[in-house]
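Each chain gets a letter, A, B, C and D, in the order it is written, and its residues are counted from 1.
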Amino acid sequence: MKSLYNYIKSIITGVWSLMVGLKVTLSYFVRPWTIITQQYPENRDTLKMFDRFKGEVIMPHNEKNEHKCTGCGICEINCPNGSIEVISQSILTEEGKKKRIIDKHIYHYGMCSFCGLCVKTCPSQALAFGQDFEQAVFTRAKLTKISNKEGSILMKGVE
Amino acid sequence: MNNEELKQTILSILPSAVFEENTQFLTIQIPADQIHDFAKKIKESETISFDYLFCLTGIDYGDSLGVIYHLRSTKYRHEIVVKIKTSDRETPAVDTVCDIYKTAEFHEREIFDLFGIKFNHHPDLRRILLDESWEGHPLRKDYIDEVNIVER
Amino acid sequence: MTDLIQEIEQQEYIINMGPQHPSTHGVLRLVLSLKGEIVKNVEPHCGYIHRGIEKMCEKLTYQQIIHLTDRLDYLSAHINNAAVCLLVEKALGIEVPERVKYIRTIIDELTRIASHQLWWCSFGMDLGGLTCFFYGLRDREHILDIFEETTGGRLIQSYYTPGGLMKDIHPNFQKRVKDFIKYFRKILPEYDQLLTGNVIMQARSKGIGKLSLEDAISFGATGPSGRGSGFACDVRKLHPYHLYDKVNFKEILYQEGDTFARYKVRMDEMWESMSIIEQLIDNIPEGDFTAKMKPIIKLPEGEYYQRVEAARGEFGVYILSKGDKYPYRVKFRSPNFSNLSILNTIVPGQKIADLVAIGGSLDYVIPDIDR
Amino acid sequence: MDLNIYDFTSFTKWIDTSLHEMMSPFWVTACEMTIIGVAILAFYAVVGLYLVYAERKICGFMQNRVGPNRVGPFGFFQTIADLIKLLIKELVIIKNADKFLFNIAPFIIIITSFLAIAAIPFAKGLHAMDFNIGVLYVMAVSSMGVIGILLAGWSSNNKYSLIGAMRSGAQIVSYELSVGLSLITMVILAGSMQLSAIVDGQAHGWFIFKGHIPAFIAFIIFIIAGTAETNRGPFDLAEAESELTAGFHTEYSGIKFAFFFLAEYMNMFIIASIAATVFWGGWQPLWISGWDSFNHVMAWIPPFIWYISKTAVVIFIMMWFKWTFPRLRIDQLLTLEWKYLLPINLFNVLLMAFIVLKGWHF
């Protein structure tokens, strides 16, 4: 008799536990406004990434096409993957002093692991993280970027 | 049990143990051929009962190869580090402890894989992380791989 | 005829589960010998994504190692980073500001919740309840948003650095965390309704994959996998780091050692983590977000060992330094590697479906096994 | 009752007689078969495709996401796009597979699901064949699908497939009993195995109300066992993607896989149709004794709509099950059948017989 009681009890508790689960899924089924899915390509205009989002390493330029990179190469030393190459050249300034300026700041996007050490250690805050995440390309060669823009010069007052 | 009492107990088990100074844990160096007996004794001993091997590290000192056992007692909550060294770099071999600490089975396979230290009486000593056909033992300091390792 | 039957009985039916299989959670290969549905022997083959992180670390500075520890157990990335940072701080004798300790504790616990959420949804999926997967991921999204706002990354953040943090927390951080806790306290009972109480789930997990306490200690099964067997191995209690000696929380222990016990440990840990965060989130003191550090860190000669409680168990870092700016030898004691080795002890005699449930309850992260 | 406006009997009779006027009896039969074949094929395709769509959308909402929403408005043409993709995919030829059986298995599955539709009454006079043993026929035909699954699993030369097929065999053989017994319970109440007679018997009250307790128990058992018969979650052990990758159809690709996929949905549709027909009155409108004006309004809704909406409700329940519950293990599956469903079912048959004997039904 006891076993029959347990048998029926197990059926009832089992069915009840299943009903509780069914209630959860049904409650979401009838509440479609709780969906948090973002419609990505449609919301591109309004989509704003967080300020600190690490999309790529960029070298910010001001409106006069000036950057802050002195070509010291500290970012290159600090990069664990070798994804930054700094090619600098020496020029003579107007006062006749020898000065090192940056020729090309090459950034291998495909090798970057976004550890943030280059941005953190840069002594003149020349590097920053860009928020662009749409970086898909068809060939790997395109992943190698040059951070300093064509014809840009060092900002005044940055040593 | 504090470190001083632990020291005395261990010396009574193995008089030839050498203690290192200024270390985070109580660190003992013992001869490589005694590791199995020693591990068995300190695990079965009622007073110290080191039953939990929480880290097993292989190491290449340059001239010799070593294995480091980090042991802990779940009962008394004290810890020791046992080190063994072997100067044989060609066919290094030490006794396994995987019949005492079952976790050692995988960790010894890993050390065999990456350092080439053989563990006698290990039930299933094969490479674990690398491919069976891999040549050499990568974590050794004299390992050369001109293709995959880029020196900067 | 009987000879033929005997011959067939003796033959092993061998199946390769993985490296491409939905329920091995990555590229783990399990070679099963079956007898009908019953697994007689299981042999894990790992190393498919072995990247040689320990070897790479020997050529990296201590700051650079951080971005590799992220990639071990990517689901408890912050906690792994904390291990290296704490080790370096201990070796150099640096006391980090109080603010850093608060933030690190909160972020570690958020990481633990996020990891357990992902475990819950993948465990549900292993059992065949696909809906769990989406609920778990939906709620994890909130934590990832908090991380993204403060650290800039969603999965691999590299937020900790020896001596402190990369940046200070975002001004919204506290409010968002409080909102999340409020939200998740409401949602977590739903998890119980959907899966924990379910009679099918209980039948599939109770009494399955029993791991005895002796085996748990001997195999070094830590984290929820060990605590499900009654092995008190919570590093937060045994060797408190961060602020764990100042907050109140319980170490969750279950004695059964089966899949359901491991499940319950994780479910209860989520509640505990939330209570830890609630104790701290309003009291973050003002101050620096990093201690004063030299640009080049050189550890004094010697051996160092630091352990932390990652989401899957005890994560340890052993570093032998010879006084250079590079470590001489780095060893990561990964919890999953030890947890994997118990598989051949608890699985034989169970069915294929149980193997999947056990694998789900042990919660592997393959990069942590292979390193 | 003025159900006559929706009576298709005269319409089908008229086609039959007009065809007889035009040609010889042999050609009439051939012509009628073609018409019915084409009609059912078109119905099959539409229902199959939109059940897939419905499933994806329903499961999407249950999982708190939107489901397909890219192809067409609300993703309405998603499954058509998928079908085109499957049609142009490569059919991978498996080395060492039993080629003949491997190729024939999807057809066996799809033909069996096709055959069962023939006996289902969509509206008065609108069914291909009115067998006097309709219930038996539907059960016999729908249980033949397991042959296709077994062949697919066996001939693929894949260990996962074989395990999946064996599980499926054990499962369907067991659950066939429950399906049969729960239908027999209702046959006792109806007093006929002819589907049209069963439907006609429900003109004044559906059987699930007429037979009250035993009919309700039989309905629950039928839904559970029917879900198991169609290899759907939580009984999808033959596929069990977290255990056996894809079970019996691991090795199938392209349109052959689509056949398995469509057949699964059609089997679900058939089970739902039978449930609607036997328990919920098929195409009969809701009838409540005494509420004459209400009954008139109900009768005004076309029977085909009644039939489809009842079927849709049952299908929704089956989908709801699938997207809520975790999967059972094979031994638990068999335990559920042999220790729970079968004894309850046998008891239920006795109860129903007793109630019919005493005339305690409505």
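Note that in this section a residue touches a chain if its C-beta (ideal position, glycine included) is under 8 Å from a C-beta of that chain, and two chains touch if they have at least 3 such contacts.
All values reported here derive from a predicted model rather than from experimental measurement.
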Which of A-D and A-C has more C-beta contact pairs: A-C
Interchain centroid distance [CA atoms averaged], chain B/chain D, Å: 64
Distance between the centres, which are taken as Cα means, of chain C and chain B, whole angstrom: 25
Separation of mean Cα positions, chain D and chain A [Å, integer]: 51
Residues of chain B whose C-beta touches two or more other chains: 152
Chain A residues counted as touching two or more neighbouring chains: 18, 21, 24-25, 36
For chain D, residues contacting two or more additional chains: 62-65, 323-325
Pairwise chain contacts under the document criterion: A-C, A-D, B-C, C-D
Sites on chain D touched by chain C in the complex: 59, 62-65, 159-160, 163, 167, 233-234, 236-237, 240-245, 323-332
Residues of chain C that touch chain D when the two form their complex: 13, 15, 21-23, 34, 37, 124-131, 133-135, 138, 194-195, 198, 200-201, 203-204, 351-354, 356
Partner chain B, residues of chain C touching it in the complex: 46-47, 50, 52, 54-55, 59, 215, 217-220, 222, 231-233, 238, 302-305, 307, 314, 316, 318, 320, 329, 331, 333, 337-338, 340-341, 345, 370-371
Complex contacts: residues of chain C adjacent to chain A: 60, 63-64, 66-68, 71, 131, 138, 141, 148-153, 156, 158, 161, 166-167, 170, 190, 193-195, 197-200, 202, 295
Of chain B, residues touching chain C in the complex: 22-25, 27, 51-55, 57-60, 68, 70, 74, 77, 81, 101-103, 105-107, 110, 114, 127-131, 138-139, 149, 151-152
